[in-house]
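The two complexes that follow have chain A in common; it is paired with chain B in the first and with chain C in the second.
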Partner chain A sequence: MQKKKKWNPSKKRELRAAYLFTIPSFVGFLVFVFIPIIWVIIISFQKYNVFTTATTFVGWDNYRQILTNSRSLVALKNTLWYTVLCALGNTGMGLILAVLVDDVLPHKLSVFFRSIYFFPSLVGLTFVAIIWQAFFQTDAGVINYYLTRIGIAKIGWLSSQTFSKISVLILDIWKNMGMSMLLILAGLQNVDRGIIEAAEIDGASAFQRFLKVIIPLASPQIFFVMIMNVTGALRIYESISVLTNGGPGDSSRSLVMLIAEKGFTSFDYGAASALSVLLLILISIVTFIQFVGSRKWVHYE
Partner chain B sequence: MNKKITLFGKKIKISTILLTIIMLILAFLVIAPFLWVFSASLRPYSEATSLPPKWLPPRFSQWNLKYFQKLFSKSIPFFTFMFNSLKMSTVITLGMVFHGTLAGYAYAKFEFPGKKIMFALMMVAMMVPVQVTIVALFKIMTILKVTNTSWAVTLPSIFGASCPGLAGAFGIFMMRQFFLSIPREMNEAAAIDGAGPIRTFITIMVPMAKSMIASLAIIVFTFSWNDYFTTFIMINKTERLSLPVGILSIKQPYATGDNVVFAAVVLSIIPVLLVFLIGQKWIIKSMTHVGVKG
Partner chain C sequence: MKHYKGLMAGALAMALAIPAMAVTGYADDTEGKLIMLNWGNTEEERIANEAIARFNEEYPNVTVEQTCVPVESWSDYIQKWITMSTSGEAPDIISLGLEGAQMAVSNDLLLPLDDIVAGDEALSAQKGEYAESLLKGFSSDGVLYGLPNGTQTMVVYYNKEMFDAAGVEYPQDGWTWDEFMETAKAMTTDDVYGFGLSSSYFQLTPWWATNDASPAAEDGTPSLNSENMVEAVTFLKQMVDEGVTPDPISSDVYTMFASKQLAMVGAGRWVLNSWKEAGFNNDNFDCVQWPVNKREGSVYGGSAWCLGTATQQPELATALLKYMVASETLTEVAAGGQQIPPTESLATDHAIMGDTPDNVDGLWKAITIADPVCAPTYFGDIEQSLLRAMEEVFSGAKEPQAALDDAEAELESLIG
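Up next is the complex of A and B:
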């Protein structure tokens, strides 16, 4: 039975089918994903001359340039700011919403609220950013209107260096918390009901049950959602581009905005690629944390 | 908090009522921008932007359709954008569903040399978003001579670039998860009946995966409909832009004294709303599925 297994005709047919099925996607993957990753790393060590269209190898020059350039350092700082706050905000709001819609109310009502909270996640960021831009206007904006009604002075949401990032953050959380809710909810619903009921019988209050039982049990899922939000926030772009276009000054500019600007406005491919590699490193760190984290949690399940 | 009051002839906990009120307020905050833009698109400019904000549209007899009519006029290429978006999203969806189903099945059911390394490579690269590779991707498109055409967007997107955070192998991953859940006996039974692997796939497996394929199609279509970045970088001709990028070009010339852009936003969101209302169960189920297994 064992011998010559590789050569029996049905195995051969399977092999042929296997490669027939996987080659199209793998070739596409190589050309449009894998090779670009390698190539970006190569370009980051080159200098491109717009006039002569010649490329020369320049070693670490591009990296030295971006790491000493105040604009890219500001963009890096802003990106980390967005990453931490968007990830915490989205995951936190997602968790709160998930608990609220986890069948505390009658099932139909819960499903109704789930759909509403989730809907913004499906709508294109540019479309909703146009609406929020109107909301954030200093004099004609809806938000400042309600703030002045309760006695708070008008805020330059898009025109002040302090608030430009906060406006982007608000839009991001409003847009993405529903997705986090949905994913955390899936984790909560996988939690064994029996354990929660046992805690209830033992006299744990709703808040205690939430903090001591539900959160620890759903923590692998919450961790996954957090990672997803971190990687999402690292490439933040559209919302800033519509709301503030990076300004005022560079106060809300992100790494990806700078990549697009360097690469496709000033055609400094080398610097743009070095910034891309910087982003790649950040994403790799997060991916590594996810890998280690999910391994750790496998034992608990 | 466990006190009960009688409402509509039913005993209801006070905490339930409080919770419902909180959730209604949150729900209003979530849908307020949509209400506002719908209301604003139907009012004359001065009225739409005046304060206090008008959350509800005017009475039907007073609807101001001027801005919607403008979108139909030749001066704004809104429907060109919409057609481009429709075309690009359809191509991306068909492409990804096609290769995703094939490869997902192969990675789930076949044993072949190189399987592990191919799959692992794709899963790792899945974490790298298109924003990282865009400079090189642009060069590849220049070599393929497709910059400024929709191919520059659809080709990379078919292989996952437009699905946020899941570059590379989104469709493959999702379909593989599904086919893994089909018991092996199914394949063995088909093999005993004399069906080859390709026939088994087409006549037995694809029909079983129908609802999963539909979910994948809905997700990919929605993401590519909304995609901004790839189109923004790759296409530099107004008449070839997709909706999310094109809509910003409507915005600029009409920034003052005109809310035609709000009408454009309304028309851009409506297809997503329809897809959501029709396919909501599928969408929510498959999003969660990907999330849990991811």
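Up next is the complex of A and C:
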């Protein structure tokens, strides 16, 4: 028989305190994450009438409906496009800016630029969207005005099927790179200066120092930022909604936009829930792959 | 004789006042709470609050809680309504756009108003004032569900100075689509577009109406790819291809008209305030009815006050409804400059509508010949499907027939 573990009173008190401290976030998780997820899974097998709250069990019908619909496939393709490019763009730009601010710029200027780069993360997207639309308009837009000035034909930033996603990408990176920069910067500032100086003495060039010393040492932060950006991009909504609203046609529509349309325009909660479940699975798979892959390149000191 | 008339008038006034006093005396004691769901900007919220204050003079013990939200889409508004209802705050009285009316009726959210109106002299008199077309928009199977408080329509505005400079004749009521296209081409230069086409559901409707088409048939089934719809969309695409309009997807046509980049644009009354502020007056712009292809027409939308089926106090809610559609309130709504009043007497009163542009009466005329904005029970879906198809056509991804066929198929599978 196994002997019962004995706790001394101070350990017990500590344990109690630990539970007490976790209760608020646990309750929050339960009420705002866990229960809604269960509810969404249940609804995804039902036809749900929002007006009467009457439900009918329909089995896999909702899943079949969305998996055979060409619009969901377009939205899925767009979402993956955003995920790769927004995540790479946001993390990459964040890293470049962080190194700029940390290493390249003189210290006095760096505070100023850090604020400038972070500023877009603080403003409400809805307000700046009006300005971005003015930039992107085909016939009265600022960007096309300068393009035509240098002899390039007008581009339908918001109105061509090819460019609508690129416009969203530009807005999304502008909006989110500041946050990535700030988080990576925190990692860079923890890097031991001595190691960098040692590399310098050994004759490593600036680029080699960056690639072989700084990136590996800041890799836990870069990894965290990458995960954040990938999951964020898989759920991309706001940047699209304020700029193109998914159009023209479905050319810039993401899965979350389609979920919102199914749920709040068609009032088809069943299909919206089924799509949400599929998105949840997709996010889980991608995050799992990232964690597995991270063992190869993330160094914890 | 004079004296006798005065006496009669006095007696009549007394006779009328007695029941009124009796009602007031009874109402004074009534207690309760009413929840109001309204939409619009802060100005519209203020106007409703003032009407509530007048209601409270008669019913001092009744609290009215107004929730006023801006409307991006009517589906969102209905969603807000559902959320309020499920959280135990179901609204008693609702201001609803025409776009959401059939959706609300089909889901049993609205009380029929016929008996309530018939049983009330003031409301019956009020009902007689409305344009028949407006009441039809808020009726389903001949049953009335809302009393309108404002309406909106579309006419074509044109910049007179630009027409004078180009030596082009001003358009006249009854002009045709061909004449419109010729005019738009004649007005287009390197810096100016002849017409600003707006790719929004409401703004597109006059093109369907004047081609005797509609996104949904009379029986409520979708008809996005009917012959006349395809013909109208082909005409709009031609406008884009000929370069007489800026890109309809990304352009803010009302700002462009104000900054003199457009010679013509389609709009209702809601643009007039901002244009006047931008320096427009009777000398430099005017309006004309929509160009005609198969028949004359335009679009009307609007909003009405309705009673929710969830109300526990229908009598009190009815009393408040009367204040919301009283001519004092309607006049204030109209004075805001956004909406067109729903009754002919107010809508043709220049003290309310102003004198700019010269043909300001054309707005009421447009309403009398207009079709309601097409709003079947599945409004959210038909709006999305049609606008997606329009974007596909304008961006060159699909031909009009193919885009509308696909949209029709998609819509039919959605509403199954």
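One rule holds in what follows: the second predicted complex is superposed on the first by the 250 of 301 C-alpha atoms of A that agree within 3 Å, B and C clash if a C-alpha of one lies under 4 Å from a C-alpha of the other, contacts with A are read in each partner's own complex, and residues count from 1 in each chain.
As a convention for this text, a contact is a pair of C-beta atoms (placed from the backbone, for glycine too) under 8 Å apart; a residue touches a chain by one contact, two chains touch by 3 or more.
These figures come from a predicted structure and were not determined experimentally.
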Could you check whether chain B and chain C clash or fit when both are placed on chain A?
clash
Tell me which partner A:211 touches in the superposition: chain B (first), chain C (second), both or neither.
neither
Touching partner for A:247 - first (chain B), second (chain C), both, neither:
second
Can A:140 be said to touch chain B (first), chain C (second), both, or neither?
both
By the touch definition at the top of the document, which applies to A:264: first (chain B), second (chain C), both, or neither?
both
Is chain A touched at more residues by chain B or by chain C?
B
A:292 in the overlay: touching chain B, chain C, both, or neither? Say first, second, both or neither.
neither
For A:157, using the defined touch cut-off, is the partner it touches chain B, chain C, both, or neither? Pick first, second, both or neither.
second
Touching A:19, do we find chain B (first), chain C (second), both, or neither?
first
When the complexes are fitted on the C-alpha atoms of A, one of 5-13, 41-49, 149-157 or 275-283 in chain C overlaps chain B. Which is it?
41-49
Common interface residues of chain A - those touching chain B in one complex and chain C in the other
140, 264
Give the list of chain B residues in touch with chain A in this complex.
16, 19-20, 22-23, 26-27, 29-31, 33-34, 36-37, 40, 49, 51-53, 98-100, 102-103, 105-107, 110-112, 115, 118, 121-122, 124-125, 127-129, 131-140, 155-156, 158-161, 164-165, 167-169, 172, 191, 196-198, 201, 222, 225-229, 232-233, 243-245, 247-248, 251, 261-262, 265, 268-269, 272-273, 275-276, 280, 283-284, 287-288, 291-292, 294
What residues on chain C touch chain A, complex-wise?
73, 75-76, 78-79, 82, 86, 107-109, 193, 246-252, 255-256, 261, 378, 380-381, 383-384, 387-389, 391-392, 394-398, 410, 414
Give the list of chain A residues in touch with chain C in this complex.
50-53, 71, 133, 136-141, 156-161, 247-251, 261, 264-268
Flag every residue of chain A that touches chain B in the complex, lowest number first.
10, 13-15, 17-22, 24-26, 28-29, 31-37, 39-40, 43, 97, 100-101, 104-105, 109, 113-120, 122-128, 130-132, 134-135, 140, 142, 145, 174, 178-179, 182-183, 185-187, 190, 221, 224-225, 228, 231-232, 235, 237-238, 242, 256, 259-260, 263-264, 269, 272-273, 276-277, 279-280, 283-284, 286-287
